[in-house]
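Got some structures for you, see below.
What follows is subunit A paired twice: with subunit B in the first complex and subunit C in the second.
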Partner chain A sequence: MSDSNVLMKPKRSRRKRKEAMWAYLFIAPVVIGLFLFYLMPALASFGLSFTSWNGINPPEFIGLDNLIRLVQTDSFIRSMVNTLVFTLVSVPLAVMLATGIAILLNQKIKGMIVYRTLYFLPVVTMPVAVGMVWKWLYNTDYGLLNYILGLLHLPQPAWLFNPNIALISVIVVYVWMTVGNNIILILAGLQGISETYYEAAEMDGASKLKQLFTITIPLLTPTLFFVFITGIISSLQVFDLIFIMIGDSHVLLEPLRTLVYGVYESGFEYSQMGYASAQAFLLFLMILLITIFQFAFQKKWVHYDG
Partner chain B sequence: MNKKWLIHLVLIIGAVIMVTPFLWMVLTSLKSFGEAMQVPITIFPEEWLVENYLDVFASIDMMRYYFNTLMVTLGRTLGQLILCSLAAFAFARMDFPGKNVIFIVVLSVLMVPMQIILIPNYGILTSLGWIDTFYALIVPGMFSAFGVFLLRQFFLGIPKELDEAATIDGCSFFGIYWRIILPNATPGLIALGIFTVLASWNDFLWPLVMTNSEETRMLSVGIAAFQGQYSTDYPLLMASAVLSTIPMLIMFVLLQKHLVSGIALQGVRR
Partner chain C sequence: MGKRVCTIFLMITLVGILTGCGNDTEGGSKKTLEVALWDENISGAVDASIEEFNKEHPDVEVNVTYTPYANYFTKLRTSIGGGSGPDVFWMNGPNFSEYASYGLIKDLEPFIEEDSDFSKDAYFDSMIDLYSHEDHLYAAPYFSDIVGLFYNKRLFDEAGLEYPDETWTWEDIEEKGDILADQEEGVYGYTAYVVSNQAGYYNLIPQAGGYMIDEDKTHSGFNSPEAQEALTFTQDLIDKGISPSVQTQIENHPRDMFMSGMIAMHPEISVNAEMFYSELGDELGVAPLPAGKEEGSIAHGIGWAMNGDTEQEELAWDLIKHLTGEKGNQFIAESGFSIPAQESMSDLWVDSMPELDLQVFIDAQEVSFPYPVSQNTIQWQDIEQAEIQGAFLGYKSMKEALDNVAREMDIILESEQINE
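The block that comes next holds the complex of A and B.
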């Protein structure tokens, strides 16, 4: 808007005031809600990390005691390692599988919608239910998986109750559960790549395989970057699946415990809210650091010029 | 191309892996307890025991869990659609002091993981007297920074000439929001709606922590508790899993197109 007409000014500023008033009214509920239930708690969580709050008595400041106790606790170290292994194995695996499947689905084949629907079903399924079903599939004696392996005369491991492979077994479930989400995102990325690149490559006589590595993959890297960032953030926070898989089993507790499981256990089973906040805060730091690292590292592999 | 059959072969193998757990869930849910615990296992039930589903309703208060989950889902979804769209409208179309700063503060919420707010929120909800009530389940879920961001992106894509014309016709700010912006942003509203429905229906950690009585129990917590009691009765457990997932599976199949475009839209979060 131009301000050449000076005479209009008082009227306009009244209108501006009215506009601002309405705008504040429109944003007020969300801003107050986000402040009360998200921002303030996030800050409070930082503060509570330095207290011995038990959820009932007023918090008592104990400095770095929670942190010192955490780094000396085997189960915390274990949860940290488990969470990192879980993320570093499951996310790349899910992204690789999803990229492969999305490239196949993008070949203008018949039944694409049917395939897409089937691959996506686990994504809309309640994680608690997914955990229950897979616990049953993995059952050592009566599970479908070991039944099939038995038919093929292969070894039938105790998928969940062998502490050495329990985490891997849950990773497989997580990949199964999230691959569909990645497929949708990558498929959208693939469909955004202009046909003209392929037409030019075709004229140069480049093979399909060469096109895949010189056009498709490089131009897909921004999408893959996004899939990695969001995938890693959510896998670092895995809880529902782990909670159901552990159930009331003491055997599975240590091999499967993750950071969020630790937050839940300390805070709501043992009422050590301060101690739990310290764990939650370390988890947040970990998410932040890994995300910052990914953004810093992206120049090495993400092409934005496509 | 005769390589097509190879592509189909790979995709079919993948599809079988994706679908088998669902089939196994349904098949087990129809077997007797004895048959499920039998070696060698049977693929199809000897007798299709549809009664298992009635047994679930008799063992746990499934109707109440459905009702509670539906209420929470509706409350959070309607709340987000109304409140986020109002705020998004102000951020996209109106001018006010502090707009950019407030918007950045809203966006900063996107970085806050759920677990970090869990414990302080338990304190806040306790002091509000909301623990174990529907307020605890619904109210905090009505505000979403992602929702504001997503809808703002949508609203920015609506031609400004539309609301300028309406302003000249004497339309109020609320009128522009209601009659111009909302009708032109239905894909965005649907995408946010489906996301919120899905997230609320499947939510687990929040209701697990914030409620403890039967009266406020949601499906996810209900069937998890069911697993705690009947840890080996797999036919009944599978029936409860089928019952709790079916509404979302139906919604997905019916609204697939919207869901897919909604997921692809997540890209704007970058």
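The block that comes next holds the complex of A and C.
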């Protein structure tokens, strides 16, 4: 498509122009939708972050007051720390697990489709359903997990109520939920690696382990890079799972609150839209910086197959 | 043909998007009223009142939407903020002042003045007080809910104890609760309610002689010795194994545990009487809430409010009158759902479940404490629940938690004064 465009550039025929017109027409719904429902609200939210707006009275400009108030608020600092810990633990864990499982699933064994489906099932399940079911599993008195631990005479922790392990309990669920998606991407990456490399290594007498670290992993790095970028962006925005697992008890909120939870709480529970917008804007900045940093850093470890 | 088709296609897309933003209520000759509430258990009474309304207004379509309580106010607030929202909807105590002071709901006083059918005198004083903002009524009382002590007769019989009565005090809870509790069987004597403030410490604090918020709504009472006493009493009952712990209360709601026969005595709002009765049948009994230094329990209730921006206020008012008038009260009374807001309908409700001594709840109105509210009730209630539950879970001491609540609450109350 792009090649033919370059060729035709000197004299654009009537027919070509018509074709371009059709192209614009077909992307119009998405572009208009993106503009109306993403770009405009995002710009509006940026503007609102400098105001005190409660959703009813006209917004009043208060400069940087929202940001100043934010950095002085304990619960915001807490949500920032929680979000970073959540991301730093869950993403590497999910990617490492996914890589291992994907390599295992890349073998030619009977019933492989069943195994692949099993790992992908949590991905197609709604986070709300996942949260509800895990909440029951984690129930201290009547949960399945503690029931089994009880049979084995092991300690039965209060999975969500002990502030020291609450975040870890949720991370486990999140990793379980997202690992399938990573597996699919990495599996596709694995299958894109040409057999010829392995044949050559085989001839030179390289062991399987050696092949893994010198062929498979390096050639997988572009896929891993993509998985890391998308994984970090979505885990910095984690909300629905946490929202469901907290339920309506605010006491669980403190060890588990994340940045997006703060946006929801300020904006939709307390109707402080300006304050919520300021939080959303800070989160956007954070994601932007982390992503830019990752792109700059990729030269160090990502190998593009030449 | 190409270009013309393109243009037409684009136009259609644009028009589609633009009209999607506008509102579509203008089309069609039939008028509609949108109604919103959260509790589907009351649908029988609501539908009956709407049917009566439709007899007088056959051309008006009334759409009722039920949203679970957990999302009800978030959704309501967002839709009203966006300039739409239901015409007539349920209001509760914690949210009332904010809606009334921002003008999100209509002052009903002008309607009442021109209408001889509606008299504030017909309703319980506690309900009129709860839904008045600067002495003007902003929501028409629908039903009242007040706290009483539900108990499981089977568990009392097995323990060989007399049923609770109006002479009971805090000491009886502790003494009898200890006898009723049976750890082997997983049975608790009493719910020292913490996950529900309304059925729990909101009663104990005033019973100990304290208050949650002072009359001027400028100071918190949570750091008072009385509040400390009420919560220490709660803590003792949990420590002695008489009541389920707070963590158990959060994970397995005490209401469900009581219905499964795992709790012998359970303080609860009257709205649950019908549900408990259908679950426990003849095993269910009800008594006044045992007294502390003071006797009494907290009164609350639900009102019908009108959207401040409704385009059909006459119709909306007429619907509210049908819901909260004599007929509407009669429907609630007969359904057994909760105490009708009109005092004269009490007997009808008491008769709806003759096996239960529902008169207990009617008598409780005489010695009720007002539900604590200020303009931003929800904000300090969230802090209050997180801090107090945190103390029970061992995150911090009760004294520290109560001091935190009082400090944060005073800051919120102070900013309310400035806003006015």
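Basically, the second predicted complex is superposed on the first by the 273 of 306 C-alpha atoms of A that agree within 3 Å, B and C clash if a C-alpha of one lies under 4 Å from a C-alpha of the other, contacts with A are read in each partner's own complex, and residues count from 1 in each chain.
In the analysis below, a residue touches a chain if its C-beta (ideal position, glycine included) is under 8 Å from a C-beta of that chain, and two chains touch if they have at least 3 such contacts.
Small disclaimer: the values here were computed from a predicted structure and weren't measured.
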Check your understanding: Per the overlay, which chain contacts more subunit A residues, subunit B or subunit C?
Key -> B
Point to revise | subunit B versus subunit C as contact partner of A:L190, first or second or both or neither | key: neither
Check your understanding: Thinking of the overlay built on chain A, is A:I217 touched by subunit B (first), by subunit C (second), by both, or by neither?
Key -> neither
Practice item. Please indicate which partner A:E254 is in contact with in the superposed arrangement: first for subunit B, second for subunit C, both, or neither. Key: second
Practice item. Quick one: classify A:S277 as touching subunit B (first), subunit C (second), both or neither. Key: first
Exercise for review: Report for A:L84: first if it touches subunit B alone, second if subunit C alone, otherwise both or neither.
Suggested key: neither
Check your understanding: What is the contact status of A:T140 with respect to subunit B (first) and subunit C (second): first, second, both, or neither?
Key -> second
Practice item. Classify the contacts of A:M96 with the two partner chains as first (subunit B alone), second (subunit C alone), both, or neither. Key: neither
Review point. Is A:F161 contacted by the first partner subunit B, the second partner subunit C, both or neither?
Key: second
Review point. Looking at the overlay, does A:P29 come into contact with subunit B only (first), subunit C only (second), both, or neither?
Key: both
Study note, to complete from the structure: Dual-contact residues of subunit A, meaning touching subunit B and subunit C, are 22, 29, 36, 55, 139, 141-142, 247-248, 268
**Study point:** List of subunit A residues in touch with subunit B within their complex
**Key:** 16, 19-20, 22-24, 26-27, 29-31, 33-34, 36-42, 44-45, 48, 53, 55, 101, 104-105, 107, 109, 111, 113, 115-122, 124-130, 132-134, 136-137, 139, 141-142, 144, 147, 150, 176, 180-181, 184-185, 187-188, 223, 226, 229-230, 233, 237, 239-240, 243-244, 247-248, 259-260, 263-264, 267-268, 273, 276-277, 280-281, 283-284, 287-288
Revision key, fill the gap. Counting only contacts in the complex, subunit B reaches subunit A at residues 4, 7-8, 10-11, 14-15, 17-22, 24-25, 28, 36-41, 83-84, 86-87, 89-91, 94-97, 99, 102, 105-106, 108-109, 111-124, 126, 139-140, 142-145, 148, 173-174, 177, 198, 201-202, 204-205, 208-209, 219-220, 223-224, 227-228, 231, 234, 237-238, 241, 244-245, 248-249, 251-253, 256, 259-260, 263-264, 266-267, 269-270
Practice item. Would you mind writing out the residues of subunit C in touch with subunit A in their complex? Key: 2-3, 6, 9-10, 13-14, 17, 70, 74, 77-78, 81, 102, 104, 195, 247-248, 250-252, 376, 378-379, 382, 385-386, 389-390, 393, 395
Review point. Which part of subunit A faces subunit C closely enough to touch in the complex?
Key: 18, 21-22, 25, 28-29, 32, 36, 54-57, 139-142, 158, 161, 163, 247-254, 268-271
